[in-house]
Amino acid sequence: MVEKSNLTEKFSSAIEKLWKSYQKDTAQNLKLIDAYLVFILFSGIFQFMYCVLVGTFPYNAFLAGFTSCVGSFVLAVNLRIQTNPENSNEFKGISPERAFADFVICNILLHFFVVNFIG
Amino acid sequence: MRGSYVNIVLLSWQFFVLLLCTIISAQETSEHGFVITDLKLAVTTSDSVRKLTESVKYPSSLDNPIELSQGDNLKIIFSIQDKETKKGIQPHQSMLILSSKQTESQTPIIVTVRDNGKARAELDMRSAPENLFSGNYSLNLIIGTFSHNNPINYYIGTFNIDVSYSSPVLIKYGPKPEIHHIFRPDQKLPPTIISYSFMIIVLLPWLFLIGTWIHLGVNVSFLTSEPGSIPVIFSFLLTLLAIEILFYNYWIHLNIFQTLSWLSGFSILAFLLGQKALSDVQGWRLKGLR
Amino acid sequence: MRRILCIVVLVFAVLILVESKSTTGSRVLVLLDNEDDKKLYTRFFGSLEGRDYIVTYKTVTNLNPSIELFSYGERVFDHFINFAQKKDKTDSITPTSLINFVNDGGNILLAVSSEITENIRNFARELDIEFDERDTFVIDHFNYNVSDDGKHTLLVSSNFINNEAILSKEVVEGPPVLFRGIGHKVGSVPLLTKVLWANDTAYSYETKDDQVVDQEPLVIGNNIGLISTLQARNNARVTLVGSLEFFSDRFFDSSVQKLKSSESYPKSGNEAFANDLTKWTLQEKGVLRVTSRLHHKDDEYEQLDTYRIKDNFTYTIEISEYVNDHWQAFNGNDVQLELIMLDPYIRVNLTALPTNEHQEHHSRKYKAHVQLPDVYGVFTLKVNYKRPGYTYIVDTTTITIRHFRHNEYPRFISAAYPYYTGAASMGTGFLLFCFIWIFNKDAGKSTAEKKKIN
């Protein structure tokens, strides 16, 4: 019992440490993307909850709405990875602006498919 | 030779009477009738137990219907006499007929009549006629012969026959019952209140996004600090907006060909403007402004 | 061109004028025992010839010319009336030849007496009709005519079928008919129709003296068929009459009075009955035809090959009946439409539309509105009208029922609003994000870091 509470304490302190280092070390423009990611994540989760609650009836609409979230999330994650200065060695030839351009093109394509599908 | 002569005389005499009767009056012909006496019915079950015995006095009928089930044996005995001479006679037609009250079908039971007028008939339900099925039947005794013009159609009583098999269904041309297609039920929609609430719930992350961005100190400083690039960047963003509005219109009313032609125009514009805009942004970064 | 057309029309008009009243042809073969028999049925044959039939009389005793129903595989007569009781010597009237004749669309009227030949009996058997033994009569001690000869076989019957296609109202309500002859048992085939049958007290047996009924008769009571008809699936008609005398002048003119009945009629119903019966047998009445059929969507007028599931659909069919030598509007009101794909999905009664009294109508419209089923595939629209007395109508049309097209499904459903919102939210979020990403200046970024990056 003591050990368990000890473990949780350790765990929470680790989380706290992580959070603090995130607050301190992460650039603001990455935090901005993170906020955007969380926004997308919850939009998706709420739609999924709704689908679970009322059934899959306009299934195509659900798929369109949900994939628009998933797709946006994936694209935003890509953008975050490619614009992160820490990863600049891995993406040598790709400037943040180039990554952003990819992000925009892919989003436009994604929205086109979503609109096609939403019915 | 003599016998045949007598026969002929007899026959012609009968003819004469017949003719006379018909000519004089059609009503008054009771001279040549029959009388039925000593009518008895007995039903025994399949294990030879006597279930019922009834005697009926002509011309009255049975008071209660008689039940006949599978395996039963019905025996009927009676004697036929000439009404006039009171002698037993042997008519040409002596038949017991079961007439179904439901289907109008008739089933005969053959009666054997001896010279002295004694008659007996039997209906064995173990080997019942094939067109005898469960139902209500009326039993009639029909007596008729050529020499008599007063035949008898005597209603004896009702029989309820109960057998395990039923009549086959005959194919008959005629209107058939209507068939209505049962459609699959329409998809049930959830209450609109739930849909509307979730519309709002799905919009809730916006509060988080705006809140967090404000908290992070998100700003639009380049808007003021670099006014030279504003027109290009704004045009770029406006083409993106135009594309999104085009998608909305595609959803509402446009078809795919209209959409694609518009989209190709916008995307070329967006590509050119985007290149210029993003190189400007890159310029800011290289200048160390970002 | 026009002139040729005119000539063709004229030729056809002339042809129609000399045509008999029958809808299937005018060549009749009458088979008799011998030439003199013709005198017994003058009234009957007179009425036949009066209706523009080309009647050929032949006798079974005369070998020359031979009796042929077919010549080089072609049917040479349209109708066959058999009054002969003896076996024909050329042996060309066999059950097989009669069956072939019927299969080829020929109509047959067979009148038999108690001296029925085996050939006729076997032919009747093919039709699921069983005649009683030779020398038997239908006997009824209750319902014989006063002129009976003591055998109680001259029956008085008014057990007519109440079917206007076969017997007109005047006959059904008219005087009873006289019948003396053999009885038969009618099978359960739905193609058969009993036209005249015996009373409940009748039985079929030999009439010899000193004999009692000790065996069960073949048929008794109202099961005894006196006159029965069969309409084959190809609409060919066969009529079997158990009494040859039924058609005789003597019976036509005889008075009718049942024994012990005060009702008497100066003239029997035989002549009118025989007229209706031959008219029916030779396809002069009870003949139906479909003149047109049309289907379309409820709100359109164009006939399509393909409809969508759940379409509201209208079907119209026009039916004529041949009555009194002309085509007129059919009066039935039990016509049904079936929509079939292997099984019937829909069966509805068609509504008979009223005809305008002032206009002459040759057909009646029958109409139904249905909603097509929500099953797609190739469907058959079938009007399968089979009723005793009328020629059969089996009219089929094929239509295709297709699925909803992708843009025919319901849109903007309330249930999908959250998804629409989600997608819109993503689009707006994207635009806003782009705007912010470009113009946002990272205030917290230290110069040292920037240098490191560059």
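By letter and in written order, the chains are A, B and C; residue numbering begins at 1 in each of them.
The rule we apply is simple: contacts are C-beta pairs under 8 Å (C-beta built on N, C-alpha and C of every residue); 3 or more make two chains touch, one makes a residue touch a chain.
Labels paired with UniProt names: B = Ribophorin II.
This structure is a prediction, so every number in the text was calculated from the model and none was measured.
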_Geometric centre: closest chain by C-alpha means_ = B
*If you tally contacting C-beta pairs, which pair wins, B-C or A-B?*
B-C
*If you average the CA atoms of chain A and of chain C, how far apart do the two points sit, in angstrom?*
76
*Between chain B and chain C, what is the gap in Å from one C-alpha centre to the other?*
24
_Can you compute the centre-to-centre distance for chain A and chain B, using the mean CA position of each chain? Integer Å is fine._
62
*asked:* Quick check on chain C: which residues sit in contact with 2+ other chains?
replied: 413, 415-416, 418, 421-422, 425, 427, 429-430, 434, 436, 438, 440, 442-445
*Any chance you could list the residues of chain A touching two or more other chains?*
28-29, 32, 36, 39-40, 43, 46-47, 50, 54, 57, 100, 104, 111, 115, 118
*Send over the residues of chain B in touch with two or more other chains.*
189-190, 195, 198, 201-202, 205-206, 209, 213, 217-218, 240, 244, 247, 281, 290
*State the interface residues of chain A toward chain C in the complex, per the touch definition above.*
27-29, 32-33, 36, 39-40, 43-44, 46-47, 50, 54, 57-58, 61-62, 64-66, 68-69, 72, 76, 85, 88, 100, 104, 107, 111, 114-115, 118-119
*Using the touch rule from the top, collect the residues of chain C that touch chain A in their complex.*
409, 411, 413, 415-416, 418-423, 425-427, 429-430, 433-434, 436-438, 440, 442-445, 449, 453
*Give every residue of chain B touching chain C within the complex, in rising order.*
14-15, 18, 22, 26-27, 29, 90-95, 97, 99, 104-106, 108, 110, 112-113, 142, 144-146, 148-149, 151, 153, 170-181, 183-184, 189-190, 192, 195-196, 198-199, 201-203, 205-206, 209, 213, 217-223, 225, 233, 237, 240-241, 244, 247, 277, 281, 286, 288-290
_Applying the document's contact rule, which stretches of chain C touch chain B when the two form their complex?_
139, 141-142, 146, 150-152, 188, 190, 200-201, 203, 205, 207, 209, 211-217, 220-223, 257, 259-262, 310, 334, 336, 338, 344-349, 371, 373-375, 386-388, 413-418, 421-422, 425, 427-431, 434-436, 438-445, 447, 450-451, 454
*Once bound in the complex, which stretches of chain A touch chain B?*
28-29, 31-32, 35-36, 38-43, 46-47, 49-50, 53-55, 57, 95-98, 100-101, 104, 108, 111-112, 115-116, 118
